[in-house]
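Order of writing sets the chain letters: A, B, C and D. Residues in each chain are counted from 1.
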Amino acid sequence: MLSQWLFYAFATVSVLGALGLILSRHPMNGALWFVVTLVSLAGLYSLLSASLLFALQLIVYAGAIMSLIIFIIMFLNIQPADIPDEKGKWAYLLGGCLAVIPIGLLLLKIVSSLPEGDVDIVGNGFGQVKSVGLVLFRDWLLPFEIVSILLLVALVGAVVLAGKKEMTQ
Amino acid sequence: MAQNVSYLGMIPLLPLIGAAVVGILHLATCKKKRLPDQLYAVLACSTPILTFVLAVKVFFDLNGLPVDGRALTHEVFTWFEVGEMNISMGFLADPLSSLMLLFVTFTASLIHIYSIGYMAGDESFAKFFAYLNLFLGSMLILVLGNGPVVMFVGWEGVGLCSYLLISYYSEDRSNVLAGNKAFIVNRIGDFGFVLGMAFLFWAIGDSGFDYISLKTNAHMLAPATVTLVCLLLFVGATGKSAQIPLYVWLPDAMAGPTPVSALIHAATMVTAGVYMVARFSFLYVHVPTVGLIVAWTGILTALVSAIYGMFQNDIKKVLAYSTVSQLGYMFAGVGLAAYSAGIFHVFTHAFFKALLFLGAGSVIYALHHEQNIWKMGGLKTKLPLTYKTMLIGSLALAGCPPFSGFFSKDEILYSALASGHTGIWVVGVLVAGMTAYYTFRMIFVVFHGSPRDAHAYEHAHEPPAVMTVPLVILAIGALFAGFLNLPSLFGGSQQVTHWLAPSLAEHAHEASHSIEIIAIAASVAAFAIGIFIAYRKFGKGAEEPVYSGFSSFAYHTFRINELYDVLFVRPYKAIGSAIGNLIDAHVTDGPVQLIVWFYRQFGSTFKLLQVGYVRVYAIYMIIGLSVMSYLLTQSFK
Amino acid sequence: MFENVLSTMIFLPIVIGLAAMLIPFSSTTARRIGLIVSLVVLFFGIKVYLGFTGNGQLEFTETRSLIESVGIFYRIGVDGISLFVLLTGAALIPIVFVVVKDRPRAFYGSLLVTQGAMAGAICAADLVLFYAFWEVMLLPIFFMIGIYGGPNRKAATIKIMLYTVSGSLLMLAAIIYLGVAFHGQYGVWSFDTAGLAGLQLSDKAAALSFFAFMIAFAIKIPIFPLHTWLPDAYTEAPAAATFLLSAIMAKIGIYAVIRFIMPIFGPELVRYAMPLAWAAVIGLIYCGIAAIGQKDIKRLLAFSSASHMGILALGLFCLNIQALTGSIYQIMAHATSTGLLFLLIGIIEDRLQTREISDLGGIARQAPIFACFFAIALLASVGLPGTSGFIGEFLIIMGAIKFDTTLGVLAATTLIIGVCYMLWMFQRVFFEKGNDRTNGFADLSICETLAFLPVILLILFMGVFPQPFIARITPAAQSQIATVQGTGQISGQVALDHIQPQK
Amino acid sequence: MIHDYLSLSILLFCLGILGVISRRNVFTVFMSVELMLNAANLAFIALARLHENMDGHVLAMLVMAVAAAEAALALAVVILLHKHTGKVDTNVFSLLKG
């Protein structure tokens, strides 16, 4: 029962965070709202017995990636004048809702056709470091390596791009 | 029946070889060290003389054959054979072609020799002789060809040479334009020739397309086909022989050097049309209606060009119109089925007209290329030999008995009267008077009276012997050639007519001697009146007249050139320009342009969607996704 | 190498041409290599000519498997019709390498590749193989126009490219359709011409495929009203490319009609011969009249070429032996005369940097040999007897009159139309007074004279002694006519025998 | 219960889409994309739980790695954009305008 209440709490918080993200004017506010979403998602992961992912979500996402974003926002020292004034924001949001609703409905329909299951804690190391690691390095070795190369390339690319003095016209 | 001889092919080949040798030597050396002109002169003059010798041989060989079998043939090779069409490159010498052969090679030899003097010192002396030889070769192919297709080779070949020689002084645009005009007008005639040939072939050509087979099979032709073929062939003849409506090129053709005018545009090439009609006499004889069209075209051409001739200032133009006029007589003759009379006039005309042109050439040569008769005068003391020979030529042309022109012209007029075509005869007599008038107008103005240009007169002198000897020889021909066909009235036996008889399908117009006497009396009277008026007006010197009214209209040849220009040339050019520059790009290409336009419109419409904002592209994507989702949701039910 | 003569003729130029593009030779070296290769090809061409027996079948055949699962074979050979088209190309191309100088090596490479591909298109007996060569031979031409052409080259390239490619795609669709239909009827795949001739198609399918092929070839020939790419392309292309387009490619269009349409679509050709012949005649007159309005000498010749192609095409559609023989003969005659004219114009353009007729004049005086050659080619092109042009034109006109009198009469107007613009042009360019520009015009060098001389002699020889050529053409033409008229129909069984390659 | 998780994931994903299409601020757009990735991750983990199969976890980890790489590159681009125009507005880039 507790897990159900926790789910609803986390879900509400994450949705609020997401709304905050898309509605806030200054990116810094949005980033902070997004951290809230990420943290509550981490809580949901733990409810789903994904203990490793719970940790990673906090460390990598809410920790590393978000701090990078926030760092950049601060680094750019964005003044209110630099922020685009989005006059038709509400119109776009409304129109966007109209466009998105059929997608959501379709996805919900698909979900409702899936088998239902409960979320009790699973034993024998489900979602633990060791078992995930075994799957990762045994069955997913090649994708793992590819992702590592991707990260390397992204790193180099980021250095090259950000290091440029001027954009070439 | 026909005898096969192997030297016949040599006759056209010799001048062609001459042309090739002279031409190649000229091309190879003209930019470096020029070879001496004498070499070219010897090379080029030897071929016509050799062909003349061969022509004489042909004549005697034929003469040795029985009258019915007077034909020599030489099939050189199969030219092309496609399906039922088997055309051989072969030659045929029968009395008709042998007569043509004789005078063509004879005048050509003389004119070649004359040209040595006339063209001396010319920059491209060799080129001129190469063209002349090429012309002679083509003309001989025309004359000797054993069928219409081989004749067509020569027919077009002489047209080409005529073009090349008219445009000989190519620096001057008007000369080249005259050349173009000659070639194009000739080609219009050739168009008729080719069509006539084609219809004839598909009617009876599959069993042999040479004259002998055609003559044998001619009876199988439907009358309508004969009419069509004869009319179309006559279109060819009007082009080549400068008849209404295609005569306009010949006066302009005088732009070429004078020997060319003498050889091509007086003696030989322009009579090819007459020769062709005589060749196809086995067809024409069956369609008197077409013959009448031919005769009337001829006599009207004679009339119109005689009118022009009376008002010309250029000595060569006078002679050119007289040539057109005489050609008209010839067509009147062949049109009335008096083929031998027509051909005989071709024969005599070759002598006296070549003589007149060469004489005019001497005058022009002596006066340093002055051609306006109103700048000449009194030349008879300075150029006595030229004067005498030209006088003989003029008397022959004007039809003074007993010069050659008298007999031949008279025979044509006589046959017009005898066959009952009085209209043609009346016009013919009228033209005879006009001919006498303009010929002696020219003689009086040029040779009599007092010099109009003292400076030119002083420097004038008789040309060298190489030019005068041919004049004398031709003058002898012009004097006596008529006696070859002396009618029985004068105690003759009409040898030429008898000679030609096997080749021609002739109706003899038998009539009483009294009619013949009337005809002769009328033409002699016309001659006398014409010469009398000319003497009254020009005999004792006259000033250049100012043309006005009708005479100006006639001087400008009834503005026919302008009319053709407005009717045909300009519209053609305008249409060409319109098609080439407007219609092709915008109308014919229209459907393609329309497709292109459609693509562009399509593109520029859809371009509007490309606003450039990433977000908007995302919106498009989401909209698409959303529509797809909606449709999928619907389909899940 | 000596066994596979035709393959050598096809692939030697292609390989060397590609090499010449890649290896950094100097321009002169590339030109010399091109000359040597084209002479070698000519040598092989003569070898083929000498070894040709003329039995009405394909000779010098080679068959190799290409994509066996769908029945595509590398199958080549020559018969009496293709032999002369092949030889014309082989004989003319060496001149280009002598005359066209100082071009980048890629230019010469492109020339060689085109040459090889054209030989391939001529020899191919398999439709897919033909299609491949047909496309390959165009690619270098696009480059040559697009890179080395005149000021408006881009528009011209796009136009010719879109035109020809859209035609080719129609043809490709039809080829695939025919292959599928063959598979449906006989259960095996084949694109062999001889086999496809035995197909039984429904009227509608046959008519559609016929038009797909016909449009592709009509664009290439070109037949009115699909000629509008031609003036731009011919004018903007460098002389060598114009030469290839006019002298050889257009002729391959004519040849392809004889080779592929006649056997496969005989009944359709008979049915639609009249409208097609009318299109050809209209094109002949229309382009001939358009030529008189041109100020650009190359454009004038382009229209003239289109006009003459009209008469060649007319020869195809008359469907009688005279006209067809005339057409095939005219392929050679027109290739030599027009090809020569375009090359000579290229020399004028090269030396005087102008193509405007009004800028020229008096060249005959400066360059008598040049003028003489030009005049002979010009006279051949207007069909003067004694030159090669007469025989073909005469036969076609005769055949046309047999086919339909009105058409024949209209076709004969070419006698008048052609001479009008040609003389007009000759007058302005070669006669009249020279100007500062033309007074320095140098005559042909000895080398160039020697290069042109054989073709000039050929023009005259073909005019005087056509029978040796015609004797080889008529049997093939006769059998094509017989095929079209249904008396010589090849059965599908023959095709099945073909399908297994002879090992 | 799993359905609830998945529905939450869908809701978050849709909110991410809304953020991407309705906002012009580069950071907001970027973080909305991250939100969509997270929504997907939630779905992965929920389904992994449903099937008791840990492949979903691995995929979620890979997604995180990709997100990290994307963050690095995207932020570099943002820095460039800002350097170039002084703005953080996606509408500044309109070179694709037809």
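By our rule, a contact is a pair of C-beta atoms (placed from the backbone, for glycine too) under 8 Å apart; a residue touches a chain by one contact, two chains touch by 3 or more.
Being a predicted model, the structure only gives us computed values, none of them experimental.
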In terms of mean CA position, the chain most removed from chain B is A
The pair of chains with the most residue-pair contacts is A-D
In whole angstrom, the CA-centroid distance of chain C from chain D equals 61
Cα centroid separation, chain B vs chain D, in Å, comes to 94
When centres are defined as mean Cα positions, the distance from chain A to chain C in whole Å is 67
In whole angstrom, the CA-centroid distance of chain B from chain C equals 37
The positions of chain C in contact with two or more other chains are none
Among all residues of chain B, those touching at least two other chains are 619, 622
Check: chain D positions touching at least 2 other chains come out as 17, 21-24, 91
Those chain pairs meeting the touch criterion are A-B, A-D, B-C, B-D
Listed in rising order, the residues of chain D that touch chain B in the complex are 17, 20-24, 29, 90-91, 93-98
Counting only contacts in the complex, chain C reaches chain B at residues 163, 224-225, 227-228, 231, 286, 289-294, 299, 303, 320-322, 325-326, 362, 364-365, 368-369, 372, 379, 384-386, 390-391, 394-395, 397-398, 401-402, 408-409, 412-413, 415-416, 419-421, 423-424, 427, 430-433, 443, 464-467, 470-471, 474, 478
Seen from chain B, its contact residues with chain C in the complex are 23, 26-27, 30-31, 77-83, 85, 89, 127, 149, 152-153, 155-157, 160, 163, 167, 170-173, 176-177, 179-180, 183-184, 187-188, 190-191, 194-195, 198-199, 201-202, 572-573, 575-581, 583-585, 588-589, 591-592
So, in the complex, the side of chain A touching chain D is made of residues 4, 7, 11, 14-15, 18-19, 21-22, 24, 27, 30-31, 34, 37-38, 41, 44-45, 48-50, 52-53, 56-57, 60-61, 64-65, 68-69, 72-73, 75-76, 78, 82-84, 86, 89, 92-93, 95-97, 99-101, 103-104, 107-108, 111-112, 114-119, 122, 126-127, 131-132, 135-136, 139-140, 143-144, 147-148, 150-151, 153-155, 157-162, 164, 166-167
Listed in rising order, the residues of chain B that touch chain D in the complex are 606-615, 617-619, 622
